[in-house]
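The same chain A turns up in both complexes below, where it pairs with chain B and then with chain C.
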Partner chain A sequence: MTPQRLIPTGILLIGALYCLLPVSWVLVSATKSPGELFTLGTFTPGTGLLDNLAELNSYRNGVFWKWMANTAFYAGGGALLSTVVSAVAGFALAKYRFRGRNLIFNVLIGGVLVPSVVLAVPQYLLFAKIGLADTYWAVLLPQILHPYGIYLARIYAGAAVPDSLLEAGRIDGGSEWRLLGRVGVPLMVPGMVTIFLFQFVAIWNNFLLPFIMLGDDGKFPLTVGLYTLLAAGANQPSLYNLIVTGALLSIIPLIALFLTMQRYWRTDLSGGAVKG
Partner chain B sequence: MRTTRLAFAALAVTLAAGCSSSGTVEEPQAVAPAGPVALTYWTWAPNMDKIAEVWNQANPDIKVTVSKQAGGDDAAAKFLTAAKAGNAPDLVQAEYQHLPSFVAADAVADLAADTAAIKGEFSQGLWGLVTLGTDGVYAIPQDSGPMMLYYRKDLFEKYKIAVPRTWDEYAEAARTVHKADPKVYLGSFSSKDPGWFAGLAQQAGAQWWTIAGDAWKVGINDAATTKVAEFWGGLVAEGVIDDQPYFTPEWNKALNEGTQLSWPSAVWGPGVLESNAPDGKGKWAVAPLPQWSAGENSSGFWGGSSTAISSGTKNKAAALKFATWLNTDPAALDLLVKEAFIYPASGKGQASLGEPPAYFAESQPDFWTQAAAIGATARGFTFGPNVGVTYNAYKDGFDKALQDKSAFGGAVTFMQEATVADMQKSGFTLED
Partner chain C sequence: MSIRPDGASQIASSKDSRTSRSGSTREGGVSRGAAPYLFLAPAIVLFVLFFALPIAYTVFLSFRRTQVSGLGLGRGARQEVWAGGANLQAAVSDGELWAGWLRVLGYGALVLVVMLGLALLFALFLDSAHVRLARFSRIAIFLPYAVPGVVASLLWGFLYLPSLTPIGGIDFLGATAVTYSMANVAVWGGTGFNMLVLYTNLRAIPRSYYEAARIDGASELAIALRIKLPMLVPAIVLTTVFSLIATIQVFTEPTTLRPLTNTISSTWSPLMKVYRDAFVTGDLYSAAATSLVIAAVSMVVSFGFLRVVRGRAFGEA
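The block that comes next holds the complex of A and B.
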């Protein structure tokens, strides 16, 4: 291997190690019983995995699975709606010229710069005012409009959907919605998958918004639910073994999603390379 | 028209929230003429939903729905935000140190008119924590955390040290142990546990906040607190006490392996020891905290919480009825002890504390007798409306003192200054 290839490979390897080490810690720690967690060596597997799973499964009549289902609903529904909104908005911004187009786009770029964490409390006060706080909508709605997703969709539509194709469609008499559905969307699929995955992961891991919005523990997502096990009050020991096991279970769907969606990403990357 | 519709929507949401999370199958009920009162209750005590279920069975007209929350400072912030939005639960678990911030935000109701009958159930020190030294009563005490010294009985014998009765003896014992084995420490100073330090300051007689009329007086850097800080600072500087924070994996490991021999903690310590230092089972014992001078007998509180009623509730009477039952009825206290594993604030609750915690069954079979005797000597102080700021200043100040190896008195001054500055900024009247 030439040094030119060695250096990037080395950097990538370090990066991979940096990402995988915490995951492997979670994996190993989930196998330890409460007594082993702080006594066994860091990467020595324990003997308590099945007990941990059984205990987590029976914790408060299986509330963990309810949180898992809630998270899947928030992340799946939110990412799907967000992808649709992003794709339509990005297509419109890229392919139509209308008054205020640049203004809208600049406002969206500004939105990318505002961390969603800053908005959580004002959003809560607003949702409380319209009586939607502590409902499923309170977590879903704020995550549907995703400025970065619209930004990506616009860039992608600009590059992937040729104007000539749309012109040809118009000459054939296709309506604008039909052009979007039959010409725009099929060409934008790889970009939409990217947006979906981004948003899915973001919502799956989101903590602050549901933490503030939801009071009813039956509507909690995993992040907030597991936090109730961690911060059990000063006078209760944290249920570390359940938290670690829960964290492990909670990343399995993400891994599965990435593995199944990977093939779309590959077309995305190669598509970019050819056009580049 | 619009307001009515919104109000109706809000009501519908509340009702839906009240019904959906009980986790049990709803039994078909005959439609009652006036529907039952639905109350929501935010708490982090384990199994509180089971205890509420016992109440719901006996009181079909007041249905309490427990929503289990994360505890700690974030829980207080969340409740305050919800109260501000007019969306707070009817009942909320409030740690004593956070109650004043709830009162300052008008988020909890004054119960003074209806709690005279139960006042006698609680020790004066605990009752002071829910009145804040005023005529109001802002919550009903639920659990308390009188402090005591946990120590490794077997290892104290091995290193030939006696259980320290004064802090001077504690320092001497720390030197002896560390000299005998440099890997071993008598204990640790935690720069991450302001509640622990506040309890030790209470023992020394500190008064961090006092209310005089409409004005607050802040005395965090009083003589008592400075004395406590400098005592620990001296031991850390000498190197005979460890300085790793409590509840970290390293600290757990040290307790479990027996390289830390004691822990000044609160009555809820057994649960922590059992889960974090399982190998020490049957080897730990308890004693009163070391005293500042021989012959004294006092302790402080670390932790503990109360049940407060939201000022925005539409069902204050029903909420108070439940909160009173929960914290003073013998059957409820029994459940709190056995299901929620708390140390009850009410004197009547002592009756439920029979068997010692399994962890102490061999080494301290009279655990609860000891705890009750020590608990009677614990004194608290009035907490201020911005304890969060003070506690953060504790962590920042003492972290810095440890890092710079500077005197601990400076950290106490920093806490005082940060607290006063924040209260002035928030518009509280301060007495000089």
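The block that comes next holds the complex of A and C.
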């Protein structure tokens, strides 16, 4: 290879190795028994994977799986609702002309600039006032509306739904609801998948909101659960194996989702990125 | 942690002209007039409940304080009263908060420069025709996007621990190194996403531009610097703004690394101080005032940055 090829390829591979380093470390470390974790070479596989899984499985009556299920519920339910709300709002913003359209759009989008903490603390206080703090609702509801989802949906609707189809539907006597359901939504599906993925990852990865909202560890998502495990186990290296195994299991679903949905990350990301 | 595509209001306005043209202008029946509002109703209701109301409540709380009468015992001895601007004044002049700002400034400068620099470099390399194994590298570098900030901090945190680290001789969590160690977690988590945004923008540039330049005898480096880079500027500006906002609000990484070291205080970043004030010391009013200061700083910084670069990036229409 000529240097012109060698240098960029080499630098990219170094970047790739750097990014894979912690992931491969957790993959290997989850196989080590408590003794092996500190004695075996960093990347030498151990013999304790099954024991670690069994121990994690029985930790506080299987609370880890509860965290996993909670996370799937928050991320799946939240992203689904978010996609529907965004798609319907984006369709209205792109395909109708009405008073206050730009004002509504700008206000909704402006929400992106508000720091999460300015929202999370008062959201907690308000939920506490109506007795809903420390419930599933407290984590689910605030994450449904996402300004970026609406922004993307507006672009997709504008690009994917031709006015002529809507006009034809109106001439045939279709109601606006029918037009949305039969014409708009089917054409927007690829864009909606991307919105769903972004929102799914955002909720799956969120720490601050559930950390503030929840006190009962039966309702924790993985991020908060693993944090409490770490906070409890920082001075007990015997818990490290549990944390490492839990960390590995917690990233498997998202990495799987991410690898199988490559197409949607790649192509549709540009729709939302800068093409002014 | 990483820099998610949390919106793009910047380019939204330029889209308006196009989308409004495509909007139908023919008059419709009553149902059609109400339809867009009905479609927008869920979003508006959610916005009012989970954005507008909490913001208003924060502003309200920041002007309140607790007044203790008598010995402060019994019902009614503690009352919420108006405090005027005292809380905000206290937040602005709070030395602990300022120290937090300084730490975040150093950390943030490091993260922004390294993360966006690497993202740009990787994106340009991926886009060049001469690279082997590009697909593997692209997927591997984007992979950390799928790892939650808590888990990323936890994995690196363990790799930093003297008893587990493969690299001896450095106290990664010591007082001097801890900022760099934390910045590394953020760089690791955020580079891939920003790279992908920049890369998809690069792919959108018509290839014919490069052909023309090559015929004129331009080298690959010259094409990258003279054609690709200038056309990427809007995307770079956008990723920078969102990275800035996210960095100002850094919370997850220091909070997660805290149990592993005693070099990170409970008020290491401004957001951590808000959390401590609200939930540990129970002073909601100063927490509210501090959140407003953080909101003001993020807005001033992001708008200030946009103002400075706008002339160059968007051609000042």
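Everything below uses one rule, namely that the second predicted complex is superposed on the first by the 227 of 276 C-alpha atoms of A that agree within 3 Å, B and C clash if a C-alpha of one lies under 4 Å from a C-alpha of the other, contacts with A are read in each partner's own complex, and residues count from 1 in each chain.
Heads up, the rule we're going with is that contacts are C-beta pairs under 8 Å (C-beta built on N, C-alpha and C of every residue); 3 or more make two chains touch, one makes a residue touch a chain.
All values reported here derive from a predicted model rather than from experimental measurement.
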Which of chain B and chain C A:T260 touches, first, second, both or neither: neither
Touched partner set for A:S164, first chain B, second chain C, both or neither: neither
Most chain A residues touched (candidates chain B, chain C): C
Partner chain(s) touched by A:G218 [first = chain B, second = chain C, both, neither]: first
Which of chain B and chain C A:A94 touches, first, second, both or neither: second
Touched partner set for A:V26, first chain B, second chain C, both or neither: second
Contacts of A:F38 with chain B and chain C, given as first, second, both or neither: both
Contacts of A:A231 with chain B and chain C, given as first, second, both or neither: both
Chain A positions touched by chain B in one structure and by chain C in the second: 38, 121, 125, 211-212, 224, 227, 230-231, 234, 237, 240
Chain A-facing residues of chain B, complex: 6, 9-10, 12-13, 16-17, 20-21, 23, 40, 42, 44-46, 49, 67-72, 74-75, 78, 81-82, 84-87, 89, 93, 95, 143, 145, 195, 247, 249, 252-253, 256-257, 266, 268, 271-272, 274-276, 278-279, 302-305, 341-343
Footprint of chain B on chain A - complex, ascending: 34-35, 38-39, 60-61, 63, 121, 124-125, 128-135, 211-212, 215-219, 224, 227-228, 230-238, 240
In the complex, chain A residues that touch chain C: 1, 4-5, 8-9, 11-13, 15-23, 25-26, 29, 37-38, 42-43, 85-86, 88-89, 91-98, 101-102, 104-119, 121-123, 125-126, 141-142, 144-145, 147-148, 150-151, 154-155, 158, 163, 166-167, 170, 175-177, 180, 198, 201-202, 204-205, 207-208, 211-212, 222-224, 226-227, 230-231, 234, 237, 240, 243-244, 247, 250-251, 254-255, 257-259, 262, 265-266, 269-270, 272-276
Chain C residues within the chain A interface of the complex: 1, 4-9, 11-12, 14-16, 18-20, 22-26, 28, 31-33, 35-37, 39-40, 42-44, 46-47, 49-51, 53-55, 57-58, 61, 118, 121-122, 125-126, 128, 130-134, 136-137, 139-152, 154-159, 163-164, 166, 188, 191-192, 196-197, 200-201, 203-204, 220, 234-235, 238, 245, 248-249, 251-252, 255-256, 259-260, 271, 274-275, 278-279, 284, 287-288, 291-292, 294-295, 298-299, 302, 314
